[in-house]
Amino acid sequence: MSVYKIVELVGTSPNSWEEAAKEVIETATKSIRGLRIAEVDKLDMRIEEGKVVEYRARVKVSFKYEA
Amino acid sequence: MSVYKIVELVGTSPNSWEEAAKEVIETATKSIRGLRIAEVDKLDMRIEEGKVVEYRARVKVSFKYEA
Amino acid sequence: MSVYKIVELVGTSPNSWEEAAKEVIETATKSIRGLRIAEVDKLDMRIEEGKVVEYRARVKVSFKYEA
Amino acid sequence: MSVYKIVELVGTSPNSWEEAAKEVIETATKSIRGLRIAEVDKLDMRIEEGKVVEYRARVKVSFKYEA
Amino acid sequence: MSVYKIVELVGTSPNSWEEAAKEVIETATKSIRGLRIAEVDKLDMRIEEGKVVEYRARVKVSFKYEA
Amino acid sequence: MSVYKIVELVGTSPNSWEEAAKEVIETATKSIRGLRIAEVDKLDMRIEEGKVVEYRARVKVSFKYEA
Amino acid sequence: MSVYKIVELVGTSPNSWEEAAKEVIETATKSIRGLRIAEVDKLDMRIEEGKVVEYRARVKVSFKYEA
Amino acid sequence: MSVYKIVELVGTSPNSWEEAAKEVIETATKSIRGLRIAEVDKLDMRIEEGKVVEYRARVKVSFKYEA
Amino acid sequence: MSVYKIVELVGTSPNSWEEAAKEVIETATKSIRGLRIAEVDKLDMRIEEGKVVEYRARVKVSFKYEA
Amino acid sequence: MSVYKIVELVGTSPNSWEEAAKEVIETATKSIRGLRIAEVDKLDMRIEEGKVVEYRARVKVSFKYEA
Amino acid sequence: MSVYKIVELVGTSPNSWEEAAKEVIETATKSIRGLRIAEVDKLDMRIEEGKVVEYRARVKVSFKYEA
Amino acid sequence: MSVYKIVELVGTSPNSWEEAAKEVIETATKSIRGLRIAEVDKLDMRIEEGKVVEYRARVKVSFKYEA
């Protein structure tokens, strides 16, 4: 009877949403053990001078919760 | 003028969604004081060899936030 | 060419969401005839001192409308 | 690189939503192999003469897809 | 390639939703650096004896995540 | 094992959404006892000759249901 | 500073959703004065022996609320 | 304790959404027995040279499931 | 690699939602070339003295975008 | 048989969401005649150094469409 | 007056969501003729030992329905 | 107290959703100054003869509004 926690994180990348989402996982895994699933909540882009400068992926990451 | 925090947790149980949700509360209460309301976000089931092996309840739990 | 009305009610139970939803129907049926379908809108729980003290089910109940 | 299919089924039970959902799995497993996850989409109840006669659970079941 | 975290908080005020939301930010800023955006998720009111006693604003606050 | 009813009301005010929502509560409390919570469903404005003439708040109000 | 109430009704017709929705208004107007707007929430059909026997329109009707 | 299946179909008609939805039922009934309810998910139109050439209705049809 | 634009328009008709939606297309086509698809966002009705006086269809129309 | 157009605008204010929404209307009315209704889609806040510096209201404004 | 069917499938890829979605189409096309449009319903990722091991795309695929 | 406008555009690409979304920005920037953020609303694909021929991204682009 395990309990999992879900946290919402936003990753950014100059190249793609996959890279933005991967950035989230690589950063989160430094302090959170046992990441399992990451669901995409929202995708957007930041634009500067008519160019896409950042792909952003908002993801909900779940992992084992130890109270 | 209180502030509350909301965290999203997933409980699991071999028997029922009530038990899965209760498991969330019993685990969370070990480290979080002042739980008030838990809203169900999503219910699902894990299946193995044609049998339901786990009821899962995703809940948003609110409690007093002390910065 | 019948017309139906839909009302939104919340039931509570110390034991389960089924019991909470049944409580809605048993209370509503005292003053409303011809209940047909009750759709669950939302499930939540009230917590006191780290324990689930109330399962709550918000349901939309439909019945024949007599203007 | 597996592909999964999702089908939407509704189970019914006189007793509980867990039983209704379990009924879906037990029926589906007769003709579908490899069921994995079943997400609840909607819960409702059928009422007759002021009594709940049927709990219904609408679930999305996923399984390995063999084209 | 920054990563941001999003937390969900509820502020309360006897006067307005703006004040309730501002309360969230003033409380959160004591322990979280670099708050950027706060999106309103839900507004509600608590009522006592026929009077609004509390405006409540549920907001998602984002800030730089340092793993 | 109490049952609550939820009704949907729209309040209007020339000044603010808070005032519009408060108007709902003050009107409803004349005929409904035991109002507890009012959730905002929708906010909009009516405009005449390029000016906002009315702020409108659509709220769901819950109160104890006596069949 | 008027207050409006919103009620949810379902109309039925063997011919069209417009007729089903009109049926709602004609029935409601017998007991409710001052109907203004009716928003469609859901459209469905009842089927018997492979034929559509009923078009159904679920609508939210608003009218002036006198407490 | 019956189980129902839900399939999603899109009907088209040059004349109306009712006809588009009826087309779905008449086509589905050739191979599916026991259709009960068809819920409208989405309505749209295809346009050619500034004229509506097709009304389209996306519906979820439920029927008894025999595994 | 074409780009399309989507605009949101509301049509009205005393007779039906199809006619209301068709009105949108016939009006839009006067100034917009290359309309393709129109998705229904919302259907409602305006009521006067207990009668439906206007069916309204809110639709999102897409067409080729020339910057 | 009028046709209306809906445009989505975001207003900002250092003080309140009402002021942010009013700003939208006052700006839009300079170039758009016949504004009628403005629906709130989203409310958020921009934060700098732990202080709310901007309330933002995203609104959908409807007005008579002349092709 | 054609009828289309919509099925929901999940594709997986170690590299990208595009590849995951393409995998769905390539697998489905073996047994389904006339695929037209595939709408993305949900994107997520499976994580193992702090690494994204699978991008998953849940898509709704439509094709001509022959009863 | 700036006002922003949001327009909805659909980009297409034979290769990826990132490229489809970038196409939107590059086309829009020819006639719109000051693009800031582009939120993804919907992703889909067009299929021909069992192959993905077009990735499509529907995005909401915001920019400074000058009435």
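For clarity, chains are labelled A, B, C, D, E, F, G, H, I, J, K and L in written order, and residue numbers in each chain start from 1.
Throughout what follows, a residue touches a chain if its C-beta (ideal position, glycine included) is under 8 Å from a C-beta of that chain, and two chains touch if they have at least 3 such contacts.
Quick caveat, the model's predicted, so the values are computed rather than measured.
Under the contact definition, chain B and chain G share the contacting chains C. Under the contact definition, chain A and chain K share the contacting chains L.
Chain centres were defined as the mean of their Cα atoms; on that basis the chain farthest from chain H turns out to be E. Compared with chain D, the chain whose C-alpha mean position is the greatest distance off is J.
Looking across J-L, K-L or H-K, the pair that copies the A-K interface, with over half of its contact pairs the same by residue number, is K-L.
Look at where the CA atoms of chain C average out and do the same for chain G: the two points lie 22 Å apart. Separation between the centroids of chain E and chain G, computed from CA atoms only, is 38 Å.
Of all residues in chain I, those touching 2 or more other chains are 7, 16-17, 29, 43, listed in ascending order.
The full set of touching chain pairs reads A-B, A-E, A-K, A-L, B-C, B-D, B-E, C-D, C-F, C-G, D-H, D-K, E-F, E-J, F-G, F-J, G-H, G-I, H-I, H-K, I-J, I-L, J-L, K-L. Against chain J, in their complex, chain I makes its touches with residues 7-14, 20, 23-24, 27-32, 58.
Those residues of chain F lying in contact with chain J across their complex are 15-17, 42-47, 50-52, 55. Against chain K, the residues of chain D that register as touching in their complex are 1-7, 60, 62, 65, 67.
Across the complex, chain L is touched by residues 16-18, 21-22, 25-26, 29, 35-40, 43, 59, 61 of chain K.
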